[in-house]
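Given below, in the form of structure tokens, are the structures.
One chain, chain A, links the two complexes that follow: it is found with chain B in the first and with chain C in the second.
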Partner chain A sequence: MKIYRPTTVIVGVVFVLLGGILRLADPAEVLDDSSRQLVRGSIGAPLTGKDFTLTVTRVKFAQKVLQSESDDPDEVLTTEGVFVAVEFEVAGRHLPETIGDLSLETDGGATYEPFSSPSATSATAPAPGFTESQAAVFEVNPADLAGLTLRVTPMQFISYFTTNYAIDLGIPSEDVAADLVAKASTATGQEYLVPRPQLRVTS
Partner chain B sequence: MESLDDVIDAMIADRVIHRHRRKWLIALAVVVILALVILVFGGWKKRTGAAVDTVDAPYSVDASRFEYGIKSAKIVRTPKSEYQKAEAKVVVSIDALNTDEETHASAPISGRDMLLVVGDGEPLEASIRCKNEFGYDLVYGLPRVECTAEYDVAPDYTDTHVKIGVIGQAYEAESSLVSGDDPVWLQGDALVVVQMTATVETEKQP
Partner chain C sequence: MTRATNLAARIAVLIALVAAAVWSIVQPALDAAEKKKETTITEVVSRGPVEVGDIEWKLESLRVYTQLADTEGKKVDVNVPAGASIVVAMMEIKPLDGVAMKNDGFLCDTQLMDDEDNIWKEADSVYGLTLPTGCSDEDHPLTRGKATKVMKVFVVPSKSVPRLVGLITPTIGTLNPEKRVLISL
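After this line comes the complex of A and B, so read on.
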């Protein structure tokens, strides 16, 4: 029997080409990452996930971050750039769980990571009926802030399809950012005291 | 169904093998003896010594994701006290800059990229603090930050000739289950060994 008949070879080549075309049609344009769904939100507006409601309540720029109310100079964080504090509330609707790791992204393509000691590095949902307010502090480059977006990225397990959250923090351009940075360097707005996480009954 | 051709082929092959049997056996024996000889002499000699340049501190290293300026070293000894055993550590002063042109992402320095070369045995991994904080994320676009790399060593460590091996990072796709086909920062090649003379300090127990 002849194995390598021209028809067989052509059919094989066609299958390889088909595979290439399918790879090109990967829905990269629709989804940020083809293995994850992306849900967008904006500051002040509640973002409803499966088991929680997440609301970013306040964004504050500061030059210094106080970790507690004491005046110990060792506990003051300082920077050559600027700090961005993002305060948010999570209302629980099901089991308490970790929603995902926090990070900031800009239109310029930069990614900023939160400080671990005084602030939250991940968003967690409390028990149903409760709302927890948390704050995350990021050190950022003041020249790259346009389109600042809070990202909540869950740990991905192989077994299921995860959802990423992107919350626009309302800084459309570098001019707006420059204003906020300038305000942070004036005496009154210079220091930011990281609030303690607070749990209250959802009203 | 075996054809006559196949049968004749097999017969010829049989003859050929028989005719050269002694040669085959000798060749096989030679291979086995060679393998035994190599095994007895401990295999091929492994390459030893530093494969990268050794330079004097202060020295600035461009490690692609970060730029490290390695400045000085000291050995800090903590003598034995009533409640604590004697300890020693090597502390290396570094300034570091995030030069990540690829992702502009904030990232901490990995202790596996800054190794203390000790006389014999495995190099030691650092525990790195920047601005006095472990796991400090260096931000792209901000000025240099003061960092220290600390290595826990034996209390009787006396080698003041400190050598730090710097390992770079490479932005490439490793095609794994975690990162997929997209490029990520991975540990790259060893870049340079920076040597310096450490000062010795003795720290009082609190």
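After this line comes the complex of A and C, so read on.
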């Protein structure tokens, strides 16, 4: 009544271990899900996907974040670190859907999630022929800003071959970042007013 | 006897493994086919009437407006960015036997399409018009077997207006539709 002899089981286990070791030999293979495609872009350059064009238009560092011009001083967001506001535009085509969730990544390896209010947490394409501008606000460690990259990660729901986007925000080194952080602490550059999402016809 | 069950068990395991392997290879293709069915237009009719999902549809007109008025003649709030227009599709919708009417209402969503494969959803939150915009409006209940005029409101970039071809139903993304019809003018 023996279906599996001990040798069969051992051979099976060896194969599984071999597979694991082969995968570990290539660390990139382990960290990056190979069923996902990664498209890279940079600030200011339009990134074209299937049903949309995404452009990061502006990155601003600030120490205070206001939701509206008439904001109650008590409700102004403040930080010990630094706020990074990423403004972007999405143009829609065909029948657009949600592109993905937003996050920030640095060369230091940290990943930051955006504030859910007042900023956008995901990139969504508007109806065809329209362009929507939005902003996402992140609270970031000021000592870890080199290689700041905006990541757009679609939800994977029993579907294959999804595309991820990584948009370089143009901060090559900590020196450049330090300048921007210093500017964010001056009186004039301190505050960031979160713009309302705006819809316009794609020109 | 034991040898027979042994063999049967081995074969069963083998079949299960082969099935799992085949499924994992074919699954993406099946997925793609399913996706295609969610977006394919199977039939094109001019104006109608045409029967889709136990509803009879007829497109009477497709007109462009800059603003809409309610029953009292006041301006209706529609979010129209500069360079965009309001497109109103006047339809006659007749629920036939077999359509599920909960509280005298049912779903009759459509989408507007142009010749460049752009698809617009109906503008939501448009209230106070003289005619209903949907088929589950308490103020304008529909009766089975009787055609009712319904206004479908869309907001479209003005430059796309000359390229519009018609309305599609059921909407793209509807799971397993028996057919999808493009009602053109």
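By our rule, the second predicted complex is superposed on the first by the 169 of 203 C-alpha atoms of A that agree within 3 Å, B and C clash if a C-alpha of one lies under 4 Å from a C-alpha of the other, contacts with A are read in each partner's own complex, and residues count from 1 in each chain.
Everything below uses one rule, namely that a contact is a pair of C-beta atoms (placed from the backbone, for glycine too) under 8 Å apart; a residue touches a chain by one contact, two chains touch by 3 or more.
Note that this is a predicted model, so its numbers are computed, not measured.
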Check: Once the shared chain is lined up, is A:Leu66 touching chain B (first), chain C (second), both, or neither of them?
Finding: neither
Notebook entry, point to check: After superposition on the shared chain, which partner residues are touched by A:Thr202: those of chain B (first), chain C (second), both, or neither?
Noted result: second
Next item on the list: Check the residue A:Val176 against both partner chains and state whether it touches chain B (first), chain C (second), both, or neither.
Entry: neither
Next item on the list: Please indicate which partner A:Glu113 is in contact with in the superposed arrangement: first for chain B, second for chain C, both, or neither.
Entry: first
Check: Taking the superposition as given, does A:Asp144 touch the first partner, chain B, the second, chain C, both, or neither?
Finding: first
Next item on the list: May I ask you to decide whether A:His94 touches chain B, chain C, both, or neither, giving the answer as first, second, both or neither?
Entry: second
Notebook entry, point to check: Both chain B and chain C contact which residues of chain A?
Noted result: 158
Checklist line | chain B-touching residues of chain A, taken from the complex the two chains share | finding: 35, 77, 79-81, 108-113, 115-117, 139-141, 143-144, 158
Next item on the list: Note which residues of chain B are touching chain A in the complex, please.
Entry: 103-107, 131, 133, 135, 137, 139-143, 177, 180
Note to self: Using the touch definition from the top, list the residues of chain C that touch chain A in their complex.
What the structure shows: 2, 5-6, 9-10, 13, 27-28, 31, 39, 79, 81-84, 111, 114, 117-121, 155-160, 172-173
Item checked: chain A residues touching chain C - in the complex, by the definition given at the top -> 1-3, 93-95, 127-130, 158-161, 199-202
